[in-house]
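You will see chain A twice below: alongside chain B first, and alongside chain C after that.
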Partner chain A sequence: MEKKSLKGWLYLLPALAFLAVFMIYPLFDVLVYSVEEGYNSASQTSFGIGLYNYAYVLHDPYFIQALKNTFILVIITVPLSTGIALLISVGLNSITKLKELFQTVFFLPYVTNTLAVGLVFMILFKKTAYSDGLVNLLIQSFGGTSVDFIDGPYWAKMFVLCFYTVWVVMPFKILILTSALASVNPDYYKAAKVDGASRWRIFMKITLPMIAPMLFYLIITGFIGAFKAYSDAVALFGTDLNAAGMNTIVGYVYDMLYGTGGGYPSYASAAALILFAIVLTITCINLLISRKSTTF
Partner chain B sequence: MKVVLQNLTKIYPSRDKGPDVTAVNDFSFEIPDGKLIGLLGPSGCGKSTTLNLISGLETPTSGKIFFGEDDVTDLPPEHRGVGLVFQSYALYPHMTVLQNIMFPLENLKGKDRPSKEEMIEKAKEAARLVQIEPYLARKPAQMSGGQQQRVAIARALVKRPRVLLLDEPLSNLDARLRLQTREEIRRIQRETGITTVFVTHDQEEAMSISDEIVVMKAGVVQQIDHPQNVYDHPVNLFVASFLGTPPINVFDGEVKDHMLYIGEDAVMKVDLEDRKVIVGVRPEGFILDETGPLNCHVIGVQVMGRDTSVVSSHPASRNATVCSIISAENKVEGEIARFRLKPFKTVLFADDTEEALDWKVLD
Partner chain C sequence: MTTNSEYMKIEKARRRNDRIRTVVTYVLLGFWALIVLFPFYWMLLTSVKSYSAYNGEYIPQFFTTSPTMENYTEAFTAVPLARYFTNTIIFTLSTTAIMLAVIVLAAFAFARLKFAGRDMTFGMFLSLMMIPNELVIITNFVTITNWGMRNTFWGLILPSVTSIFYIYLLKENFEQIPDELYKAAKVDGTSDFKYLWKVMIPICSPTIVTITILKIIECWNSYVWPRLITDKQEYFLVSNGIQTIRESGFGRENIPAMMAAVVVISIPLIILFLIFHKKIMAGVSRGGTKG
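Moving on, here comes the complex of A and B:
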């Protein structure tokens, strides 16, 4: 028995070594950085150990802005994208003609490059002194006044960011949900139909509970993904996100490391650990709720 | 509630330019009130389609369906008042047994809808009928196949359906449970008196449980009769071969001068004109007799306590072996077994149409 388990560990060694070097050590290092006060990356020295870095980050107005942006993004896009993806999947599941065509169309954004799509969105929503984007032309044709979505008021920029995020994350959710819906035994629907259940009741009482595990999976990964948003904002508003007021937590971490006026690994580490704490808390809450509501 | 099927036809359009598939072809039948009918046939014979047509899950291409005097042909399933039990049971895995049984009641609307207490009471009553009352709080996954089957039946019965439909309800159970549940279904059907249609491909199951059997083949009804009559007087070779274990023995035969020959053996005198025939003999239709006319080459003898099964071969047999079951008191010795045939266990078919012939033994 002892020998056997030793052999097992030996087999696992390569993978474990990689994990240790490239995941566990950096994780530990981040923790160390985040508590080293006045760390200097050139001399690799610090004054002492403490929580000053956390205090600094939490009082930094840019971080507060990034936190606010990230939360708004998460709260709007996760329910919206999951809900719309569910509607589209149910629709896709109930048609027979052109089903494959639509499935392909809905999946296309998934294989499209984020920055390229960001560029397209920017052009769609842009407004300059000389030209209006397509969206503004539409607004004007309905008698509204055009808005600069890329460089204008905060709500307009947030709207574009949310719109863009929902659009980008949707294909994967549709893919997962259509396959989850297709895997529900059709006998359940037949039985419910014979028993006189309305379509709404069938959906609420049978379809939803049957695909609930997949829904919770999507919500949890959706939360994690949205909290880690960064490239979407860059694609739309450029690299100087602080100036645009559209920074995210990951963006703040990046700026603290490499951005202009960066070079503060301690602040970056502290911000990263705060993000980690938030994501961990929310994932745990999600898991607790999903455990309670999906027991077969 | 009697159920009348009138010239029922269901045609599925072909998928890839092949011919259309006629799943059910001109099916007419009146199921008497309170009877249990077995729909029997090999897979793909249209029996499940027939059931789906009665339940309303499928609409017929032509023909009509009546429940009592009501024409329900165009009625959706929820307004027909049928209970349906699936082969897979289709119990909702996230609901408890009680919730599963109550589900059909909760779908009722308006004045038909009972109060919560009445629903629970009715669900309990149905559970009591199928003897699963102690398990109401369980989830389906926590029950055995047989118990799940009972829950499915309770759910089908709880709203007092006019017709109960069972689609291969026993095929997921092991042999022992199948026997038990078969009896159970018979008991429940008798107690409730609900007209029941039972689909199966297992002829023994259909024979033992049904008041009447409908034998189908390729969408066409072959024979509708009491189980014993179908067994004793099959209308054609298909029905004869489909019913009975071990299956009926089939020989090529000929009638010459009112004498029936199986190969070279003159078996018995019959009142038929000279013609070629197919001779079907049930395994229990053989009598071991030193002077018997049918000479079979013995391959093996299996003693099964009460009976002895003699496996032999005959040059005119259409099957590789001839199986005869005789009383265990008989001793089979030597390589040749001589048999007499019981006329009422022997069926003659036309060699071309394979339809049963009408004949009598001449003394």
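Moving on, here comes the complex of A and C:
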């Protein structure tokens, strides 16, 4: 028996070793970093233990800006992308011709490099000396006035960021919702039709409750994903997000760690833990709501 | 008679409504397809416009009559694009290969071997799935820096060679193989490792292929960790390369050359997707998330 146990652990050893070094130890270490005051990464010394790092981060205008940006992004993109994805999935489910082609096309953004395609979005929205950019010309042709979406006013930059985020997260949501819709037992629909229920009623009373668990799964993962937004913003506005005023919480963590304003692992840790606390709270609230609304 | 004609009328109206609904559906789907595909079309189109033609167009043209390949030459000569490309291939293949070895062994231990503390360890693994990468990346950065592994391939690869989620996925798959096979192999005197290699891996190869493809996509697109750990161009991956190109590459304004670089780094994954789209989509809907 002893020998058998040893063998099991031996097979598990590589995974355990990597997890211990790169996941379990860092988990404790990040807590330690976040309470070490005045930590100096060169001499590896600190003044003492306390909550100063948290106070610093919470009073840092850059962090407040990042917090604000992230919350706006989350509040706009999560409902919007879930709603559009639901609409598209219902559409996809009602057709037979070209269905597979549409599904494949809609999934394409999932496999593309966020940074690379972000560059294309930047070019489409940017106003340069040579050209106003395609989107602005489109706006002008409808009688609007052009605006620089990349270096211009805050709302314009936020619009592009939300638009690109929705574009990036859509494939996953459409995929999940389409398969959830397809798995609803068709007998329910037949029975409802015999009873003469209207399409809207069928959707509200049968489809929606049946796919509710998947919908909540998407909303929860959507919230988590949107709170961690970072590379989309980098793709559109460049690495110096603070200068653009478009930083996100994750961006703030990385900027504190490394880069022009970097070298402060303590502040980075405090900010990362604040983010974790926010995400955990929101996820718990989401779970509570979904428990209450999906009772079978 | 009257009831019949009324019935016809209702039937006609219903059919017309259905047709309108179908048209609206196709228009909606077509519109979203356009939004998805347009950026790809635009990067391809811009990448074959000549520099002077692109900058001469105040109103961008939707097609070009004189496509040129000069931007691609420019992309490969003005910036070390080939270097970024090779680095990404080395990084992607080594990470995926090492990860496969690690997760296959772990999944085998969880699914097939019996040992003290197995279920408890598996429970701990599952609870670790909730830990976001952002929380551990700070210490990993310090660890790799202390080990002197910045600007090395090992520094890039090591932190991403385990995935609890893929261990979980593979374990579930391994467990579906009937016990009888294992017992028969044991009677024949087959060692555990040989059984894993000759029986379990071939049977579960569809899942392993899916995991491989998903990991390749993840590696190819990874940006944050490579950016933290490399600051020498010799070790840049394509994502960092594209960011450098954007910020200082072709003198900022050479957008056609930028787009050529974007096309070059997007193509491998798009080809992979076109070949394996069914597998990729099935794999992601089984529980993958973005990134």
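As a working rule, the second predicted complex is superposed on the first by the 278 of 296 C-alpha atoms of A that agree within 3 Å, B and C clash if a C-alpha of one lies under 4 Å from a C-alpha of the other, contacts with A are read in each partner's own complex, and residues count from 1 in each chain.
Throughout what follows, a contact is a pair of C-beta atoms (placed from the backbone, for glycine too) under 8 Å apart; a residue touches a chain by one contact, two chains touch by 3 or more.
Keep in mind that what you see is a predicted model, and the values were worked out from it rather than measured.
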Practice item. Return fit or clash for chain B versus chain C, each positioned on chain A through the superposition. Key: fit
Check your understanding: Touching A:S179, do we find chain B (first), chain C (second), both, or neither?
Key -> second
Check your understanding: Touch check for A:A191: first (chain B), second (chain C), both, or neither?
Key -> first
Exercise for review: In the overlay, answer first, second, both or neither for which of chain B and chain C A:F22 touches.
Suggested key: second
Point to revise | Which of chain B and chain C A:P109 touches, first, second, both or neither | key: second
Check your understanding: Who wins on chain A residues touched, chain B or chain C?
Key -> C
Check your understanding: Touching A:A268 in the superposition: chain B (first), chain C (second), both, neither?
Key -> second
Exercise for review: Classify the contacts of A:Y230 with the two partner chains as first (chain B alone), second (chain C alone), both, or neither.
Suggested key: second
Exercise for review: Name the contact category of A:V117: first (chain B only), second (chain C only), both, or neither.
Suggested key: second
**Study point:** Shortest CA-CA distance in Å separating chain B from chain C in the superposed model
**Key:** 6
Check your understanding: Where on chain A do the contacts from chain B and from chain C line up?
Key -> none
Check your understanding: What residues of chain A sit close enough to touch chain C in their complex?
Key -> 4-9, 11-12, 14-16, 18-19, 21-27, 29-30, 33, 41, 84, 87-88, 91-92, 94-95, 98, 102-117, 119-124, 128, 130-134, 137, 167-170, 172, 175-176, 179, 221, 224-225, 228, 230-231, 234, 238-239, 250, 253-254, 257-258, 265, 268-269, 272-273, 275-276, 279
Point to revise | Contact set on chain C toward chain A in their complex | key: 21-22, 25-26, 28-29, 32-33, 35-37, 39-40, 42-43, 46, 55, 57-60, 101-103, 105-106, 108-110, 113-116, 118, 121, 125, 128, 131-132, 134-143, 158-159, 161-162, 164, 167, 192, 217, 220-221, 223-224, 227-228, 238-239, 242-243, 246-247, 253, 255, 258-259, 262, 265-266, 269-270, 272-273, 277, 280-281, 284-285, 288-291
**Study point:** Residues of chain A that touch chain B when the two form their complex
**Key:** 185, 187-188, 190-198, 201, 205-206, 209-210, 212, 294-296
Point to revise | Parts of chain B lying in touch with chain A, wherever the complex brings them together | key: 55-57, 76-79, 82-84, 86, 88, 90, 92-94, 103-104, 107-108, 139, 141, 155, 159
